[in-house]
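Next up, some structures in C-alpha cells.
Look for chain A in each of the two complexes below; its partner is chain B in the first and chain C in the second.
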Partner chain A sequence: MILKLLRQATPYWFLLPGLFILGTLLSVPLYKVIEYSLYDNVIIEPDPTFVGLQNYADMLGDSGYWSALFNTAVFTIGSVVGHLLVGTILAMLVNADIHPKARTVFRSLLILPWIFTAVVVALNWQLLLNPFGVVNYALQSIGLVSEPLDWLGDPDLAMWSLLIISTWRGYPFIMVSFLSGLQSIPSELYEAADIDGANFFHKFWHVTVPQLKPVIYGVALLDLIWTFQLFPLVWLTTGGGPGRSTEVLSTLTYRLAFVDFEFSRASTAAVTILGISAIFTMLYLINESRNRT
Partner chain B sequence: MSNIAIRNLVKRYGAIQVLHGIDIDMQPGQFTVLVGPSGCGKSTTLRMIAGLESVSSGEIIIGDRVVNDLRPKDRGIAMVFQNYALYPAKTVYQNMAFSLKLARVPADEIDKRVRDVADILELHELLERKPGALSGGQRQRVAMGRAIVRNPEVFLFDEPLSNLDAKLRGQMRAEIKLLHQRLKNTIVYVTHDQVEAMTLADQIVVMRGGVIEQQGTPDEIFHDPANEFVAGFMGSPPMNIADAVVDKGGIRMGESVLACQIPSGVAEGDSLRFGMRPDDIHLCDGSVVPGVRSRVIVDLVEQLGTEKLVHFKLDGVPVIGKADGRAVIQAGDSVEMAFDTEQAFFFNPDNGGRIR
Partner chain C sequence: MSGQISRVVVSPKKPWLREATRVRITRVSLYLALILAVVVITFPVLWMLSVSFKPTTDTFSLPPQLIPENFQLDGYIKVLQNETFRTFIINSYLIGLAVTFLSLIIGTLAAFAFSRYRFFGDQAAKLFVIATQMVPTITLLIPFFGVIVWLRLYDTHLGLIVTYLTFGLPYAIIMMNAYLNTIPKDFDEAAIIDGCSPFRVLFSVLLPMATPGLISTAVYTFLLSWNEFLFALALTRSTEMRTVPVGISMLVGEFGLKWDEMMAFSVIGSVPVLLLFMFVQRYVVSGLSAGGVKG
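Let's look at the complex of A and B:
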C-alpha cells in the first residue's frame, strides 16, 4: 500500500525542484512588493512603520498617479489599436498571392522591428525624431512643416510620437499571429464569396474577420498585457516627459523607486499594475480555455 | 436555363499547359459531367467557367455572352464546392441569404426565397443552426440551397459528394438528379467517380491530360468508347484489356485462341489490344450463356450480392468475369467461362484508338 503510494508520488518528486525555484522567484518578490506597499520608509529605514492601506489612500489622492493611469490607458489602448490596424493590413498584404521570393523578402523585412531590443529601437527613434533628424528634414523637404518639430519634447506631440514608435515596434507580433490565422482560412470561402458577389470589404467582414475572431481576441489581450507593463520604450524615448505628459504607471513606479527612493509608494503603484494585469490575464486565460473547448 | 459553349479553351500556368484547347457544347437544361483521373483538367475547366481561374486563350460562352472577362457574380452561375465552403460564422439562413443580401434584394423577398428553397431541400428545421452543428449530408444540402436560392442560369458542382460516405453519396446523388428534373437548370458537374458520371449525366465529357478523350451520352461512352482509355476508365470493375494477336477466325492471347469476329482493317498476325467488359464474361452454370467457352481455374471470388466477380487467368492474363450471386463457386475450382465475343472491343496498340 505504502509502496504503491510512493510509486504514484514519483512524478511529483521530479516536479519539486522546478516548483521550488519558480515559486521562490515568483512568490517571494510578489509577496515582498505587496508587503512593502503596506509599510512606510521601507529599505531606507531598517525598521519601517506599518501603515496599512495608507499608501493606497495617498496614491488615490495624488493627481500624478491619476495622470499616469490615464496616460497608461491612452498609451495601451492607442498602441494595441495601432498594432492591430497595422498588423492586420500588413498580414493581409504579405499573405497576398505574389511571387514566393518577394513574399519571403517582405515577410522577413516586416518582422525586423520585432527582433531589435527596445533600447536599440528607442535610440534609433530618438535620432529619427530629433529636431535635426531625418523625419523633420523629410517633412520640411516636402513642405509639410515650415520649421522642425520637437516630436519627443513637445507635450502635445510626445504621446503621439510614442504611439507611433510603439506601433512600429509591436505590429510584427500581430502580423505574424494574423498571418498564420489568414493562412488557415480555406481559399474556397473567398471563392464562394466571389461567386456570391462579395467585394473586398464584404470578404474582409464576412470571411476574414469571423475566421480570425478567436485569434484577434487572444492576441489583442496578450498585447494589452504586454503593452500595459511596457517600460523601456517609454523610459528611453521620453522618460515620461516632457513634464508628466507621457508618464505611464511603469515609468512612475521606476521614478518613485529609483529616482525619488520612495520604495513604499513605488510598491503601491506596482501593486496596482499587478492587479490590473491580473484582470487582463484572467480574461486571456478564460478566452484560451473557451477556444480549446 | 442557358447553354454553355467552350471554344478552344487553353489554360497555362507559366510554362505548364494544363488544358490543350478543348471544345464542349452544353445544351440548355443539360446535365453535363466532366470526368477523368486526377490532374486531367476537369476542375480547372469548371473553375474557368465559374470565373475563379483566368482564361489563357479560347472562349467561354454562357447564354449568348462571352464571359471570359466577367466577374464570377456577373456570369449567372452558382457553385457547390467540394468542401461545401459554407461561411462558418453564419447560420444556415444567413449562408443562403448572403448573396441575395449583397445583391440588395428586399428583405421580404430574401426571406421568401430562402424559405422556399429550405422547403425544397427540407432544411427549414436547420435554418438557425451554424454549419459546424450540421452533418456532412446536411452541409451538402445547405451548399446546394445556397446555390439554388440565387436562381442561377447554370449550376456548377465541383466533386460535391466526395466527402460523404458511400450510403449518403448514393442518397445525395439521387437528390441531385431529382433536383435537376425539378429545376431543369443547366448543370456542369465534375467528378472522378464514373458511377456518378453514368448515373447523373445527360452528357459525359471524359478528360485526360488536359484534352477531351470523348464526349457523348452515358450509353455512347459506355457501349461505344472512342479509345482504350475511355473503355478502361468507365465501368466498374474495369474492362479487361490485354495484348492479343489476330489469328485465323479469332484472336490469340498467348496459347489461347478466342474465336471472334475480326474487325476489317486488321490482318492475321497484326497485334492489337483486346477488350471485354466483365459483364460479357459469364460462368457457364447450366443456363444458356452466349459466347465462346473456355475452361479456367478460379483465383478469387468476390461476392457483391446480386452477382459474384470471378477472377481467373487466361493464359497468364488476369481477367474478371461474372457469375450469378447464388452460383456455388470458390477459388481453386475449375469452371467454364463463356466469352460473349460479339461484345468485344479492339484497340490500336500504338495510340489506343478504337479499331472497329
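Let's look at the complex of A and C:
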C-alpha cells in the first residue's frame, strides 16, 4: 500500500524543484505587485496606506497613461504585422526550390537579427539612423529625401523608425516557425492545384494559408504577447521619446518606478499590462489545447 | 521589396520558353531575391563590424566606407585591455553557464514527469508552465526587486542566476518535454523490466538519446541569460557585478562618441552568441519549432 503510494508520487518528485521555483518566484511577485497597486507610497514608506482602487482611478484620469496605451497598441500591432509580412515572405523564399545547402546558409543568415542582445540592436540602429548616418546618405543619393531626417529624434518619425527596428529584430521567429509549417504541407496539394491551373496567389490563399492556419494564429498570438510587453528595445533606442511620442506601457512603468520612484503608480500600470497579457494568454492557451485534441 | 519578390516567385507560363529554361530562370531569380534579402537584413551587422575597425572620426565620413580606409584595431585593443570589460564578460559567462546547467537539470526532471507519467493535475501543471512564459517581465520587475533584496541577493551573481532560472525554466521544460516525447516508450519499458529506477531510466537511457534536445535547450537558455538587459540593470549596482549588455549600455553614457570602442565591445559581446548559434543552428531551429519559443 505504502509502496503503491510512493510509486504514484514519483512524477510529483520530478516536478517538485521546477514547479517550486516557478511557483514561488513568479507567483509571489505577481501577488505582491497587485498588492502594491492598492497601497500608496509602497517601498519608499515603511508603512504604506491602503487606498483601495484610488491608484487605478487616478491612472484612468491621466492622459499620459492613455497616450502610452495608444502607443503600445500602435507599436504592438505595427510590429506584429511587420513580423508576419517579412517573416512569411522570407520563409517562402527560403522554402522555395533551391539547393538544400544554400537553404541552410540563407536560413542562418536570415535568423541573425534575432540573436543579438537588445543593446547591440539599439546601438546599431542609432548609428544607421543618425542624421549623418548611412540610411540618410542612401536616401539622399537616390533622391528620396532632400534633407537628412532625424529618424529617432523627430516626434513624427520616431514611431515609424521603432517599427522598422522592431520588424528587423522580430521577424526571424515568425520565419522559423512558418518554415517548419511550410515543410509539413504535402506537395500533392500544390501539384493538384497546378493541374487545376492555379497561379501563385491562388496557391498561396487556397493551399498555403489554410494549411498554415493553426500555426499562424498561435505564433501571431505569441508574438503579440511578447511585443506588447517589450521593454529593452524601446527604452534603449528612443527611451520613450522624443517627448512622449514613443512612450509605451512598459517604458512608462519603468520610468514611474525607477526614475520617479512612484512605485505605487508604477505597480498600477504594471498590473494593467499583466491584465491585458492575461487575456491574450488565455486565447493562446485555448488555441493550444484545441490544437492538441 | 514585395514587388521584387512577387515578380520573382510568380513564374507566368511562357509557352515560347522551354520548361528547362523556365525552371532555370525561376531558380536564378529566387537566388537573386534571397541574396538581396540577406544583404539588406545583414547590413546593420556588417556596418557594426565596419565601424568597430575604423577611427571614430571616420564613423560618419561621407561617402560611407564599408571597408575602412584607415583600418585599425584600437577599439578592440582598448576594450580587451580594460579590466572592467573583462569583468563584464566573465560575469556573463559565469551567470550564463550556471543558468544553463541548472535549467537543464531541473527542466529535464520536470519534462520527464510530463512526458512519461499521467498523474492527477498533469494538464493543469502543464498549462501553468506554458502560462509562466507569458508573464510580462516588466510587471515582475518591481516586486522581484523586493524579493531579491529580501533574499539578500541584491547585487550578487546568485541573484541574477535565480532570476534567469525562473525565466529559462519554462522553455527548458517545454522543449525537453517535446523532445522526450519523440523517444519511444519501449526503451523505458525495457529498462524497467531490467530493474532500472526512474532516475536510471532518465539519466542512463533517455538522456543519451536526447542529446540534440539538450543542446538546443542549453543554447536557448544560455542566449536568454547572455542577452538579458532589464533585470541585469535593476538587480545589480556595482561595476563588478554588471553583465555584457549592461556594460555596453554604460559605455554609451560614458564615452558617447567613441563609436569604435562601443562597436568593438558589441562585436566581442556578440561573438559567443554567434559562434554557439552557428555551430548548433540545426538543433536550435528544430527545438524552436518544437517549443514555440520566445523571439
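Definition applied: the second predicted complex is superposed on the first by the 276 of 293 C-alpha atoms of A that agree within 3 Å, B and C clash if a C-alpha of one lies under 4 Å from a C-alpha of the other, contacts with A are read in each partner's own complex, and residues count from 1 in each chain.
Keep in mind that, in the parts below, a contact is a pair of C-beta atoms (placed from the backbone, for glycine too) under 8 Å apart; a residue touches a chain by one contact, two chains touch by 3 or more.
This is a predicted model, so every value here is computed, not measured.
Model built by superposing both complexes on chain A: chain B and chain C fit together without a clash.
By the touch criterion defined above, A:Ile195 reaches chain B but does not reach chain C. In the superposition on chain A, contact is made by A:Val207 with chain B only, not with chain C.
When the two structures are aligned on the shared chain, A:Leu6 is found in touch with neither chain B nor chain C. With both structures placed on the common chain, the touch criterion links A:Val145 to neither chain B nor chain C. The partner of chain A that touches more of its residues, comparing chain B with chain C, is C. In the superposition on chain A, A:Pro232 makes contact with chain C only, while chain B stays out of contact range. Legend: residue contacts after superposition of the two complexes on their common chain; A:Pro186 is shown touching chain B, with no touch to chain C. Put simply, the nearest alpha carbons of chain B and chain C end up 5 Å apart when the two models share chain A. Overlap of the chain B and chain C contact sets on chain A: empty, with no shared residue. Considering their complex, residues 8, 10-12, 14-15, 17-19, 21-22, 25-26, 28-30, 32-33, 36, 43, 83, 85, 89-90, 92-94, 96-98, 102, 104, 106-121, 123-125, 127-128, 130, 132-134, 137, 168, 170, 172-174, 176-177, 179-180, 199-201, 218-219, 222-223, 225-226, 228-229, 231-232, 236, 249-250, 253-254, 257-258, 263, 266-267, 270-271, 273-274, 277, 280-281, 284-285, 288-289 of chain A touch chain C. Of all residues in chain A, those touching chain B in their complex are 186, 188-189, 191-198, 202, 206-207, 210-211, 213.
Every residue of chain B that touches chain A in the complex is listed here, in rising order: 50-52, 71-73, 77-79, 81-83, 85-90, 98-99, 102-103, 146, 150.
Across the complex, chain C meets chain A through its residues 1-2, 5-6, 8-12, 26-27, 30-31, 33-34, 37-38, 41-45, 47-48, 51, 59-60, 62-64, 106-107, 109-110, 112-114, 116-117, 119, 122, 125, 127-132, 134-144, 146-147, 162-163, 165-166, 169-170, 173, 198, 223, 226-230, 234, 244-246, 248-249, 252, 259, 262-263, 266, 269-270, 273-274, 277-278, 281-282, 285-286, 288-289, 292-295.
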